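Following are the structures in question.
You will see chain A twice below: alongside chain B first, and alongside chain C after that.
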Partner chain A sequence: MSRLERYHPIIVFLYFLMCIITVMFTMHPVIIILSFVISIALSFQLEGCRKVGKSLLYIIPIMIIIALTNPLFVHDGGTELFFMNGNAVTLEALIYGVMISLKLVSIIYWFRAYNYIMTSDKVIYLFGKVSPRLSLLLTMSLRFVPLYARKFREADDASRALGAYATSNIKDKLMAKLHVFAIVFSYSIESAVTTSDSMSARGYGMRRRTNYHNFKWSMSDTIMFLFVALGCVTLATIMILGYSGFDYYPYVDDINIGVASIVMYVSYFCLASIGMIMEIKEAVSWSILRSKI
Partner chain B sequence: MIKRKSKIISFIALVALLSVLLFGCTFTSVDDHYSVQLEGDFEVSFLISCEKVLTTEGAFEGLPNTLKPLIPKDGYFIPKVDVLCVEGDSVTDLLRKICANKNISLTITGGNYIASIGGLSEKMYANNLGGWMYKVNGVFPNKSASMYTLVEGDIVEWLYTCEPGDLGELEW
Partner chain C sequence: MEYIKIKDLTFTYSGSARKALDNVSIDIEKGDFAVVCGSSGSGKSTLLKMFKKQLIPKGELIGEITIEGEEIKHMSDHDATRKIGFVMQNPDTQIVTDKVWHELAFGLENLGVAPDVIRLRVSEVSQFFGITTWYHKSTSELSGGQKQLLNLASIMAMNPEVLLLDEPTSQLDPIASIEFLESIKRINNELGVTIIMSSHNLEDVYGMSNKVVVVEDGACQLIGSPIEVASGMSDMQTHPIYDGLPTSVRLYHGMEIGGVCPLNVKEAREYLSLNIQNKNSILMEKDQAVPKVNDNVIEISGCYFRYNRNGHDIIKGAELRVERGEITAILGGNGVGKSTLLKVIAGVAKPYAGKVIIEGKNIKSYKGNSLYRGLIGMLPQDPTLLFRRNTVREEILSMKSNMEESTIVTDEELVKLLNLEKILDLHPYDISGGEAQKVAFAKVLKSNPSIVLLDEPTKGLDPLAKRVLADLLLSLKSQGKTIIIVSHDIEFCSMYADRCSMFFDGGIVADGNAREFFSGNSYYTTASARIAKGFFEGVVTTNQLIAISRHCL
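Right, the complex of A and B next:
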């Protein structure tokens, strides 16, 4: 249960939207690195160290592969490290690859935090009036991936208990796994039919269907909105003026430390860390209150 | 026990695959690549010019900041020189040798297409226009540079074009 969950959904949505869009449309290394650090820190705060740490462990090989792929295909940089098949493998291409992989992973972790906070009732509240079909589609398809993964694990465990994997023959084991897959597949089709019948009987997808929401707008929502809006406006003006451009080829640009650039870095840092600041504030005040008991 | 064995097998398979792929590639160090001697049977004239970048309005300002000091002031990466050329060399082969000899970076994609010479690459004018074209004896051969075989006395020019038609290639 986190502080961000208790805000009005539209504020949280706006906050994540701004953070993600800003990092998507720039290649500036300061913004990418800030976004990477803050998004992972936010995920740590929301979901706990163990889970996020484990996922990080799995994602690091992917990051390395992406970073190494860029110099193999792009030969544009100035400092050549060595030549492969007549093409230059350059330092700038490697740096660009590293930036691309950091950007990708930071966006993944922003979406991970977003997914943790924006539960289906919040998404339906936000988009239900606009497009009930779209919000329904989104929440259902996002629900299915972990659901079917869990069902596969259950069927797999049951098959193992029944002795389906007891043979040492690889072909038999493969056939048993395929059988489990077929089970989950037929389960998914059947459950789709029954789920859709039940949902249409309860009136989902109709524009006039109301849901129970207790999202009230409070003072803290106004404060958060002001912070987010301030961060967005400063960031947007500076980026439109062109300070978020950064060249990597033929040589890496110098990181600009003029006034406008520093304002851009600071405002992105403030905007992105609003989520973490709220969480930390809550945790600190909670521990203070607890120590008084 | 079996799980660990299959992990070891798949790891060995991956390492084997990578080593096969890597041994198929040729690796040369930077010094080896740039120490190419120009020797051959006959002489050919050669020049590389990026004059259009300096004369077209807004082209130089639109380049990346780190590229601007690398563009030669007179617009010639290589002014007109006479070089020795081996029998059967195509324009691309000669370009490779000369750039390796004179320490100019060259990017060739797909074995045939010249993407950048000396850091000036295609699509650097108005975000989407610009590229390298070559002339032999004053005409554009309209062939891929790797398909044009040189003969004695040819005059090869590599020119950077900014706007369509500014090198006169569209006039018949």
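Right, the complex of A and C next:
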């Protein structure tokens, strides 16, 4: 279990929210590149080289397509590279395209890491904070989907052995599947009656429900919360002051290295990479502990 | 004073003229373990629901049910939820949430218990029931036995004083069912919880209880201690529940020599050693072994199957030969892959290696639907998975559209064969398990298959329905059909199968005719064979045991 997984769901949620929102609302190349590198590194760390490496196989072509699409359609920008069908393909549009693709991909990987860490019970816990009813609905659907999927397979096998799939033409197959679907539908209604009996037998709908969960707020959660909050406030202040603005047209801006900008880069770096740093710290302390044995 | 008291209770479901419960009076003491037995539709489920305020069905209720002098109807919702727990029959449909820990907490959440208290309670019950190793699992990953144990634990988390169980083991395999009953016994012994459980298979639960109630046609026919009820049943051998009594009790009745009625295998062995003359082991005459003529309808050789590429092999190198016109039983524990083997024979699961030959032809060479036209019919484990019409009649008629050949069995023949006249206009979900199975049978037999495959056909059936099923199988056999049963119902297979095979670890590990097969085993065998061990050899069924015991008096 990774370190990030052990933080309280609220902390994890806030952390990812900040990382994603910041990169969504800016086109600043430093932030985008930081976000890109850190999000992919974090995914590698969490899921291992094989899985993330595989995903890069289809992500990289998408990146190239996005990066090339912008200069083909946008002809703003002062530095012309060459002409295509009488339209200028500009360096600025190309850089902008590359930045957009990095931004999108980094958001994809942030979400990937988020999905990996935020298992269904954490999501349900968070939902429960907002609406207990909704969270119960969510956990029930997570229960029913695999159940009905299994029933569908069983019913499908049963109808197959009855000779329901008369021929292999598409129309017949589709009709047979529809038939199986109807069977599972009536099964689901029938079983829902029992489920609702089971719920009312255990007192559902009686009075105000409490929401049980397995999460405990610990000291390290408080420290992490303060850290994330501090990072958020700093970043938000600087961004609102306008330091995150960046123009690509007609010419690409120079990267600002004033104090405020540096603080912005550093605080984004610290905030985004804290997940990774905690993972590394954990790994190091583990190996130290082990070497002492 | 009685703890729970039912007095002159009569109940009629709304919209029905028949009394579901007719003038029932029962007293139950605190700490009792009461078993309510009766066949399907006898009213035992209705009776159980009367104890639980939230589950009392709509209808007319006369008489009174009280717990500690308080009427159930007037209990507060909180008390009715907490004090009285109810575990239902189907392990799947009563689970509400997706995680084990959440399911355990569900009732307490509804009661508004603070999360810290829930944490303690949930950890207590998971340790009591041995759930700690799968506490974080998804409920969909659990086996049937684990699911039912979870249902029990999630009720026990609320600390009920009375536990009601409606046929809790009817959907479980024998091993899981014994484990479940052991837990119930622990709850009764160690926590003093009053238990009221309905069942129609009394082999194991009978000796655990201290009160037995026999319900039939909504009336309470017998009530008393297990021994009292056992002697009361001695002249009721045609009673629908009679075959459900423990073997030891039926042996006691069959020997007709009186004494104290034995309630389990151990007591039955003591009873035998006291009463039979000949202490040396007696070999029972073997009946004519059916000779193998090697007329194989199905031949499976070197068959391998797995569900997905990275999974492990469910079937590995299975070899099976099935004789024409016989009833072959494939036995084995849960999840060993015997249902999968059946699917391989039915052509639904395709093995990645090995040969399956049906009627001398490789299964692969049956194109399109030809395998399911007059050759193979499979009855699924859950017969309702074939139903989607509004009445049984439509359900049977609907099969016609798929058929074009002249060999099909007519609807009239089917209805007569399966004795379905009375239920033709009912909804297929409103009939009992045994009836649902017969309707499914009608659908399967429509194409007049020469090979009939049955997956756990006795699951959830009461003794009477089992007997009806057996008669049906024997009549199909007399028509020359080959029947393959996959089951863990040892008693049933020992009585009706010609040949038995044991499936274990992906293949058939042993086979033989039923007699040899069961009398040779010590663990995987019938209660009769276990009672007879050391006294008589070659005894498998209760009737054989009774016959030979009488002979040796």
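One rule holds for everything that comes next: the second predicted complex is superposed on the first by the 211 of 293 C-alpha atoms of A that agree within 3 Å, B and C clash if a C-alpha of one lies under 4 Å from a C-alpha of the other, contacts with A are read in each partner's own complex, and residues count from 1 in each chain.
Here is the rule we use: a residue touches a chain if its C-beta (ideal position, glycine included) is under 8 Å from a C-beta of that chain, and two chains touch if they have at least 3 such contacts.
Worth saying up front: this structure is predicted, and the values here are computed from it rather than measured.
Engineer: Looking at the overlay, does A:Pro146 come into contact with chain B only (first), chain C only (second), both, or neither?
Structural biologist: second
Engineer: For A:Thr234 in the superposed arrangement: first (chain B), second (chain C), both or neither?
Structural biologist: It touches nothing on chain B or chain C.
Engineer: If we overlay the two complexes on their shared chain A, which of chain B and chain C does A:Ser198 touch? Say first, second, both or neither.
Structural biologist: It touches chain C, and chain B stays clear.
Engineer: Touching A:His75, do we find chain B (first), chain C (second), both, or neither?
Structural biologist: first
Engineer: Touching A:Ser55 in the superposition: chain B (first), chain C (second), both, neither?
Structural biologist: neither
Engineer: Scan A:Ser220 for contacts with chain B and chain C and give back first, second, both or neither.
Structural biologist: A:Ser220 contacts neither chain B nor chain C.
Engineer: One more residue to check, A:Ser261. First (chain B), second (chain C), both or neither?
Structural biologist: In the superposition, A:Ser261 touches no partner, neither chain B nor chain C.
Engineer: Between chain B and chain C, whom does A:Ala164 touch in the aligned arrangement: first, second, both, or neither?
Structural biologist: A:Ala164 sits against chain C, while chain B stays out of touch.
Engineer: Which partner, once the models are overlaid, touches more of chain A's residues, chain C or chain B?
Structural biologist: C
Engineer: For A:Pro250, using the defined touch cut-off, is the partner it touches chain B, chain C, both, or neither? Pick first, second, both or neither.
Structural biologist: Only chain B; A:Pro250 stays clear of chain C.
Engineer: What part of chain A is shared between its chain B contacts and its chain C contacts?
Structural biologist: Touching chain B and chain C on chain A: residues 168.
Engineer: In their complex, what parts of chain C are in touch with chain A?
Structural biologist: Listed in rising order, the residues of chain C that touch chain A are 52, 54-55, 77-78, 81-82, 86, 88, 90, 92-99, 101-102, 105-115, 118-119, 122, 138-140, 154-155, 158, 343, 346-349, 368-369, 371-373, 376-378, 380-382, 384-388, 399, 402, 429, 443-444, 447, 453.
Engineer: Where on chain B does chain A make contact in their complex?
Structural biologist: Counting only chain B, the residues touching chain A are 2, 25-30, 32-33, 64-67, 70, 96, 105, 107-108, 115-116, 119, 121.
Engineer: Please name which positions on chain A make contact with chain B in the complex.
Structural biologist: 75-76, 78, 80-88, 168, 247, 249-253
Engineer: Enumerate the contact residues on chain A facing chain C in the complex.
Structural biologist: Those residues of chain A that touch chain C are 120-121, 124, 136, 139-140, 142-143, 146-147, 150-151, 154-155, 157-168, 179, 182-183, 186-187, 190-191, 194-195, 197-214.
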